[in-house]
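Scroll down for the structure; my scribbles are underneath it.
In order of appearance the chains are A, B, C, D, E and F, and numbering begins at 1 in each one.
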Amino acid sequence: MNTSDQYQRKIVTIVTEAAIETQLSKDLEALQATGYTITDARGKGSRGVRNAGWETSGNIRIEVICDTTLADKIANYVKEKYYKNYAMVIFMSDVVVLRPDKF
Amino acid sequence: MRLPPQIYEFVSILLLLAIGLKGGVELAKQPFLTLVPDMLAVIVMGFALPVLAYPVLLQLGKFKRADAASIAAHYGSVSVGTFAVAVAYFGTIEVFYEEHLPLLLVLLEVPAILIGILLARGFSNQTKWSSVAHEVFLGKGIVLLLGGLVIGWVAGPEGLTSVEPLFFDLFKGILAIFLLEMGLIASSQIAGLRKYGLFIVIFGIVMPLFSALIGCGLGLLLELSIGGTAMLAILAASASYIAVPAAMRISVPEANPTLSLTASLGVTFPFNVIIGIPLYLELAKVMHAFFKG
Amino acid sequence: MRLPPQIYEFVSILLLLAIGLKGGVELAKQPFLTLVPDMLAVIVMGFALPVLAYPVLLQLGKFKRADAASIAAHYGSVSVGTFAVAVAYFGTIEVFYEEHLPLLLVLLEVPAILIGILLARGFSNQTKWSSVAHEVFLGKGIVLLLGGLVIGWVAGPEGLTSVEPLFFDLFKGILAIFLLEMGLIASSQIAGLRKYGLFIVIFGIVMPLFSALIGCGLGLLLELSIGGTAMLAILAASASYIAVPAAMRISVPEANPTLSLTASLGVTFPFNVIIGIPLYLELAKVMHAFFKG
Amino acid sequence: MRLPPQIYEFVSILLLLAIGLKGGVELAKQPFLTLVPDMLAVIVMGFALPVLAYPVLLQLGKFKRADAASIAAHYGSVSVGTFAVAVAYFGTIEVFYEEHLPLLLVLLEVPAILIGILLARGFSNQTKWSSVAHEVFLGKGIVLLLGGLVIGWVAGPEGLTSVEPLFFDLFKGILAIFLLEMGLIASSQIAGLRKYGLFIVIFGIVMPLFSALIGCGLGLLLELSIGGTAMLAILAASASYIAVPAAMRISVPEANPTLSLTASLGVTFPFNVIIGIPLYLELAKVMHAFFKG
Amino acid sequence: MNTSDQYQRKIVTIVTEAAIETQLSKDLEALQATGYTITDARGKGSRGVRNAGWETSGNIRIEVICDTTLADKIANYVKEKYYKNYAMVIFMSDVVVLRPDKF
Amino acid sequence: MNTSDQYQRKIVTIVTEAAIETQLSKDLEALQATGYTITDARGKGSRGVRNAGWETSGNIRIEVICDTTLADKIANYVKEKYYKNYAMVIFMSDVVVLRPDKF
């Protein structure tokens, strides 16, 4: 592949409570993310075991691909708004995408 | 051993629809307007119960404001599982109760949530009432119960004969499956019990007893039958573990969700199902005998 | 409020099997060879309907070739949900129809898919017919309907008494659950309606009316009973929302899938279930009276 | 075409509970102590069968030690699906069998697992017996069968009338769904057959025949009825495909899981369901006639 | 861990329509990927909201670990074949694996 | 975002058989991981196709965020204990987290 077709972006991954999926999706749209991908998850962290057994007790794992500026903006916004009261982990890493206009 | 969550959800859906349909069919037999006083009275009870519980939780329980408000909301609302057990039990021992009780069940789901949020927040502008309303009124519980009521009402007894095998004949079998899963869930709350200690256990037993008294009193005031009075006591005594937790998690996120679930699911639900239901029926009988002669 | 997808799938599986079993039991009562003319005629109809719809979609609808072909294929094929409602309805009002209609339902699923691909592609070599065939013939719909037919045929009425409680007694209850979910899905298509506008709505109503006429005519030609004629009209009028979308997505990917789903699920399905079924029965009665005298 | 896994799990849960309940109700009719000899004998059989199979697998089959031990464990344990088919079959042709057979089914699940681990490991300290016990005794199979037995026992026939529609009337319909899915799973094991070759096929047919003989013999010794003897033969002949694979995967991970599943699910299960069950009933009849006169 | 046990590879992640899972798996095998991992997902992008509610309307998320050459080949092939007509996002990043022979 | 709020960590991802979820979770806790996230998965590798159709025949995908030392420790421990007998893939990559105390 011609490297000129490859573009650096960030991927922000948020693991949090399924209960706030709707709210969080709206937040991401408001922050102008071009899209997001959600998978159902379970796990353990400082707030104990979370699994999908009981209604909203499961986790979700949201990924957003975007540029560095937006990645920082998303991470900070979500951190400010949700960290204190919800089980949540946020991390970021580098990815290469093929169509820069999409993200 | 746990039921797959989708099966648990399906079983809940069947129960909610069955209760709604059953209620709707019966409801069709009487003019709607005569029900309005009962409906209003029950809504008032739904506001009153959490308001009464809140100071106790705050003072005696030493809970944070948000936690006290959230637990209070759980106990002001109702548990459909508890009601379903009561329906099956009253059916088996052939106790009559008024046909509009499923309607009262629906009405009782909501006020406690509003009060819970107000207790936690005051009349703050921060609360997104529109998304609370969305959460509550489009939640599974209310949509299916109300949907069932309306369908049962419109279709009437003959209209429903063809769905009877699924919704009525299987009712108790499905309830059994539901209770099996609820028992497993409830027992997984016991860890929480150890953590939050004795007060939660005591509150989880005393609060429903107190609410049942109020429910019984209201039943007498509204001149319900013995069975209807007992059912109202059961509604009052039961604590929510589906609609209210979901609404509180979003509207009062600083409240600890395992605290209230431990109380309502780990203590009050099993207490009501095993001891409470027959007890409240006895209470209704005694109070009827005493006040009505 | 949505049914868990696994439950929706289970409910569909039960409906498909029930329709197949019911058909198979009845089918056993008559010699297979006498059915061959009806089967061939219906296959021809399955090829003809999309061919008739295609130019209208292209010219009047101004759709792209792929979209016109895909929509045409949806309307040439059938909707099992619509058929199930008709089965329940005809059962309730006690209208007789020929026992081999479930077989015709199966036969009608396929030809429209082939025509749809040909209309979009021409006789191109690019189409992987083997994977299309795999997709279509091993799809849930055909496997379960055919499987049910064969089992019902082999087992006969006595052989099936033991599974009657699940497949026959619960049929209407399960259908009710299915329709509930379909209603929720259909209503989520309304956003699409606003986008694709008036033509889709008109086509989604006029096309089934036209197809019903053809179905009725064919029913008369084949000398079916009034109920059988009406059922054939219902099959003709119904539009696929499971088998065809899946096949088109893979074989004609440049067709916009929400376009055809909006039409078949958002317009035609509710139209048929609410207005179409009784209407086509009336139509069959009128045409029978007129032509058969 | 596959059932959603959650539905398959639900269907298994219903079958396990139904068998347990049925057995529990019957069990209540007789003093528990009279059953102890049968229970002990059956446990001995559960230890003996894998011990007999192991050297054959090692010597003739040329399997690795772990694989031989694991396969032996599968054949020492039981298949609830096979038992359910036999229950339905005996019900239809009205063959009596002793009411405590579901209890024997539960007892047979466990010993083979212990023996399998011992055969693979010797009396090694490495085996985490506590987690094996946890896996086995808290597994779906034993919890639901035992739970059903206890509930049926306590509730008695009248206590269960209200759940009959779900657990008894639907039994055969649910079994049909279960078998449909099992057939699909079994047929997906055929690829494995080609790989592991002829020995697996022969073993998968000869081993159940041999076990059925032992089961019949034991039935005669215990003075069971013809039906009870046949049922014991069926239990002996059936091979596990749920509890044992799960336990072996964790306790004897070096055993190849597809090897044993191919044999038990791809060969023995269909063989037993189609040919074995009626055959073992004939065998029981013949042996009863011969030995009891 | 001895760094000599760690080897650089790429992970290609594709988020796309569940409808093409079978086809895409075959493509990956034809391209000689040694394996892949699939999870069910939902999400939003330029082609709107996609969730698992309606039959094939859900997304899948496929991950393939391989060397850089194959990663580029896979990304390009999949892009050519599916981008135009299917909801799809492709991105790549660096991973370290323990057993180089596997990928 | 102020870069002083961003901290380098590793994410270890393990794709393996669902049958060992309980054991593996216990191992991770014993190794002092502060948490983990699990999603259900299916896939194909050197041990053939694995999908969620038959009871425990599905895969799980476990992610652990931690520092480099623990990442190596986890990868090595899991490799030693499970690689031989279970279908398994382990890979690691770099992530940036916002709250270093959590991991």
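Simple rule for what comes next: a contact is a pair of C-beta atoms (placed from the backbone, for glycine too) under 8 Å apart; a residue touches a chain by one contact, two chains touch by 3 or more.
In this text, all values refer to a predicted model and were calculated from it rather than measured experimentally.
A.B. asks: Applying the touch definition from the top, give me the chains sitting in contact with each of subunit A and subunit D.
C.D. replies: B, F
A.B. asks: Please indicate which chain is farthest from subunit B, where distance is taken between mean Cα coordinates of the chains.
C.D. replies: Most distant chain from subunit B: E.
A.B. asks: Report the inter-centroid distance (CA atoms only) between subunit A and subunit F in whole Å.
C.D. replies: 18
A.B. asks: Which whole number of Å gives the spacing of the CA centres of subunit C and subunit F?
C.D. replies: Distance between chain centres: 47 Å.
A.B. asks: Roughly how far is subunit D from subunit F, going centre to centre by Cα mean, in whole Å?
C.D. replies: Spacing between the chain centres: roughly 36 Å.
A.B. asks: Touching two or more other chains, which residues of subunit F qualify?
C.D. replies: Those would be 39-40, 93-94.
A.B. asks: Quick one: which residues in subunit B touch 2 or more of the other chains?
C.D. replies: As it turns out, subunit B has residues touching two or more other chains at 4-7, 165, 170.
A.B. asks: Could you please write down every pair of chains that are in touch?
C.D. replies: Inter-chain contacts occur between A-B, A-E, A-F, B-C, B-D, C-D, C-E, D-F, E-F.
A.B. asks: Sort out for me which residues of subunit D touch subunit C in the complex.
C.D. replies: 1, 3-7, 88, 92, 165, 169-170, 172-174, 176-177, 180
A.B. asks: In the complex formed with subunit B, which residues of subunit A make contact?
C.D. replies: By the definition above, subunit A touches subunit B via 17, 19-20, 23, 48, 52-56, 82, 84-86.
A.B. asks: Can you list the subunit E residues touching subunit A in their complex?
C.D. replies: It is residues 13, 15, 39-46, 59, 61, 72-73, 75-76, 79, 83, 89-94 of subunit E that touch subunit A.
A.B. asks: Within the complex, which stretch of subunit D touches subunit B?
C.D. replies: These residues of subunit D touch subunit B: 4-7, 9-10, 13, 138-140, 143-144, 147, 162-167, 170.
A.B. asks: Which subunit E residues qualify as touching subunit F in the complex?
C.D. replies: Residue list for subunit E touching subunit F: 1, 6, 9, 11, 25, 29, 34-40, 65, 93-99, 102.
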